[in-house]
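The first chain written gets the first letter, and so on, giving A, B, C and D; residue counts start at 1 in each chain.
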């Protein structure tokens, strides 16, 4: 941790910083520069709250070099984490395609979707039983009924399933059914839920909050991992910016940057960012090109009738054509961009 | 709801939109313009998912005029909501000052803070017992012990208390102790927690998420209100932007804009946005000037020793001087800027 | 243009809006809804300043459907614009690679870079002679001397050149030398410069401002096109967001969205967004995958010695390996993602 | 400047950084920490391009402590700059109010506005003769004719005038007429224009770009100051964020932060940020409360008929009532919030 002093900081102010750092149990190393003093704090400063120094007289700013996470850190564990779900490996040499409708609407709908996803070459079925919705008056998902439909869809298609747990109440139900439990962007900093997920035997896919830094995303993963569960998949799904031409701005650069920070598998969700199906496929291809370990895509047998997010769901024909094209281009097995 | 078609939309595409709108039970009114068709959907469209129309062929965009909230809507209830907490009125003619440390650290600390806040003229005591922290390794608050200290601080100072509930588990404990339950920015879309708060007899202060729109903030309030609890206070605490000179960008314009949208009381938190105490007081004055119903400010007897956010806590001397100045300027009773 | 009234707007307020719209020479069509009035303004409203209506009593908001551009509009000219520069076609069936150093530093450096770019299969040479720099004390480019070096590099390599004009003073010099004139992100709304570019016989590459909407980008292109020059290439180079892990957030979704709005060719600049060379290649591949007509990439013979932006420049070896890989994958000729 | 190495950086990589820093003429001081090496670069590093170090092997990041400006730096010149314009002092103990229409539309309009501004107690008249507009088809101002009307308005009212120069061509004309030359947000990094302003005898009001950092704003001011003109006034007018409830998010915190960075006077423009007149007055009061040296506000005799930005213009009655209220509250002379 580095403490940068104002040019006109007094001797007393500098002394006070050195004293307090020592009182806190760390070793301060003063670096007098041409124009200002910079104090380097050494020792295990991960747990030092920089705010205690920032408020001292004469301090211009405090720069934290350390990270708010450890288990997720690639400097701690350089080998990529590979997560097995049935026959599917996430984070391995082959990319995975997760697909299905935004929400489970009926047994027929989810089974039809599952069979189509399977037939087109998808690896995992998605489908929401519990839906977090902005308005309390919107459709909130079929709940436990939806989970039963998902189970049947798995039985019929053979695909593992991923579905979202929106709170601790629903976590147990979801955990009992799903092969992967999803934690949504709105809940990225719902720490009780993260800790609960950390005590689950099931892998967890954690979506990045719409305004979260990568540090915050990795610290959220750390909440899960520090409770014991090391099987965390990170998902980039777009951030909220000044852009108004898409729902969210997909931050594709986060993938190569995260590769330098963490060993966890990385998935791209192009559907929520795009908001409109014509934009989904170009973003999906870009997600593979930028080096993600896979994609999670919304596909619906009849998007016109979808209860949630129909506009961004691919039709089955569009999904089939997309799968054919990426297989032909060997994008799922191409190691070049990973 | 308005459906804007592309200039080159075909007759069939327009017909398809009209049909689907009718199938959904609404009445479409076509407005042929000089260059393109605009279709107005009338009826009670609050619950219509615009996504169902957005994905149709020939549709350029769908514009929603309706709001995802009702009980919070000033068009529904034009009279300002005034919330009584002991002798204090929030949203009434006099502004309120909520002050205290970021977190309860010990009985002595919170009692000392409470007596100082009282003596300086503060109305309500703040202090966190449960602290949501980015890293799982940071200090997470004293929990139930902290609540006991808060109770004692209330007994000694006579001030009502506000403290945060971070999850459903802690809600009951917090609710039993606090006069106002705070829901933090990270939990603004934690819908289970919001619904639980909606069944509480205690007023709730809901902080705006760091990237939430005002529509989303009001829809979050609606989650609470639709469960029965109408006593919701909204709190602007800064949004995350490209700015790097403060922790968050305090969106003071949200106050007059919200006045035009809702009848709920509005509070400004200048401390978290500023991140540094020198910036807190100018923002606090601006918060009163822009018309908020009150402020929530961090004050700590010894900020250098604070376990959390010491840099942004005012000293008691600074707080006293601030209170003296705003009283002298009659800012708490000035109706002009409300 | 649509005028949405407040629910409680009075008859008089509605009448006043209708009157003013008629006075302005447009035809207002009232659409009474279940809860509020929406007024559709028809006629050629492109030039109507919506602000005149927004300020009227009872008006909740004004929604503009029309666009601030015409010549750039795909609804006006559906065929893609293809720009020929020597033997190179920009916007045609084959993608183009523009590469070279951020700034021209010496004759030797730019000739060495040009020969390497040519040999690796690049199509066009980039290199800045005039550099807009944040600080007045930073290196500002070699100016006219740099242009001479670029000319010599073109003679030796056979590659067409693109270089930036930072103001009207330098425009004539740049125009006399360059095959394509670049207008940088900082100058995207420098309207005098845009108009000057509109009177040039040379194609212009216009970079999107770091916080510009697509509407603003297209309106900036319109400033050039409305002066006569129809050869405008748009370049996405990243926007400034809350992200702090890259210099700018590359908005790759802008490419498919712009395809639906304009016929102009679209180029991606992955280098300025990444800020670090390890991130450049994944973003470059993503730029092709998302459907851009080409890339502009920084390559430097000795990045460690670069005077400007060395950290984001590829070495020649990296560039060669990138070119080999995208050729092998046929990404330059793949029509699939366009 | 601080160079933070990866934990696993090799001895060779560290050596290479030390060597290059020395080659560049600076002195590197290695700070071995518990987990990683941090290298402090001392000497006059203001002109060192950090990019040269960032791209080296083993470097995690480079942290720049130095500033891209000098003359604007409060650490260099601690005394506030006070600028005299006629009898008006900007940056002195009394706040100033600049008011007038967005654009000069006719002699009658600007004279009427000037007399009203004067009579209500305004200090300086604003009015645009050259208007930068997003679309080339929008009204662009009366140009030279507008300047003549402004001159006449000054003669009749006795108020000094401020008006915008949009390019070098118009600068000479504007400079000959105006008492203060405004440089707009779109031109904040139009360096040729800034340098021209730096050679002007007239004070310059520089508006912050809609996505500019404070460092960039101060570096832009430095472009003016380094050419000789020390009379620069900075203006905060709102930044573009994810917010969609106002046109721009007024960053009021920039005022106290800038006070700690620079000695230049600071003005708030609440009109462009608000976009709607009901929001202007609360933001104007907040601008004074947060400590600005003054305000620039749009006032129009008949906003309904304004050619530009009518919705955000105050009527004369609103402006009078605002001036009366701030005078009564002594906000213009109150030293407390400065």
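Following the convention adopted for this analysis, a residue touches a chain if its C-beta (ideal position, glycine included) is under 8 Å from a C-beta of that chain, and two chains touch if they have at least 3 such contacts.
Computed from a predicted structure; not experimentally measured.
Engineer: More C-beta pairs touching across which pair, B-C or A-C?
Structural biologist: Looking at B-C and A-C side by side, A-C shows more C-beta contacts.
Engineer: Please identify which chain has its centre, taken as the mean of its CA atoms, farthest from the centre of chain B.
Structural biologist: C
Engineer: Compute the distance, rounded to whole Å, between the mean C-alpha positions of chain A and chain B.
Structural biologist: Inter-chain centre distance comes to 26 Å.
Engineer: Using mean C-alpha positions as chain centres, tell me how far chain A is from chain C in Å, no decimals.
Structural biologist: Each chain's C-alpha centroid was found; their separation is 30 Å.
Engineer: Rounded to the nearest whole Å, what is the centre-to-centre distance of chain B and chain C, using the mean of the C-alpha atoms as each centre?
Structural biologist: 38
Engineer: Among the residues of chain B, which are close enough to touch at least two other chains?
Structural biologist: Residues 211, 239-242, 244 of chain B each touch two or more of the other chains.
Engineer: Provide the residue numbers of chain A that touch chain D in the complex, in ascending order.
Structural biologist: So the residues of chain A in touch with chain D come to 2, 4, 6-8, 29, 31, 33-36, 38, 40, 42-45, 60, 63, 65-66, 75, 211, 240-242, 244.
Engineer: Would you pull the chain C residues touching chain A in the complex into a rising list?
Structural biologist: 211, 213-214, 239, 241-246, 249-257, 260, 273-274, 278-279, 282-283, 285-291, 325, 329, 334, 336-337
Engineer: For chain B, which residues count as touching chain A in their complex?
Structural biologist: 20, 46-47, 49-56, 68-70, 132-139, 166-169, 186-187, 189-193, 209-211, 215-216, 219, 222-223, 226, 239-240, 275-277, 303-313
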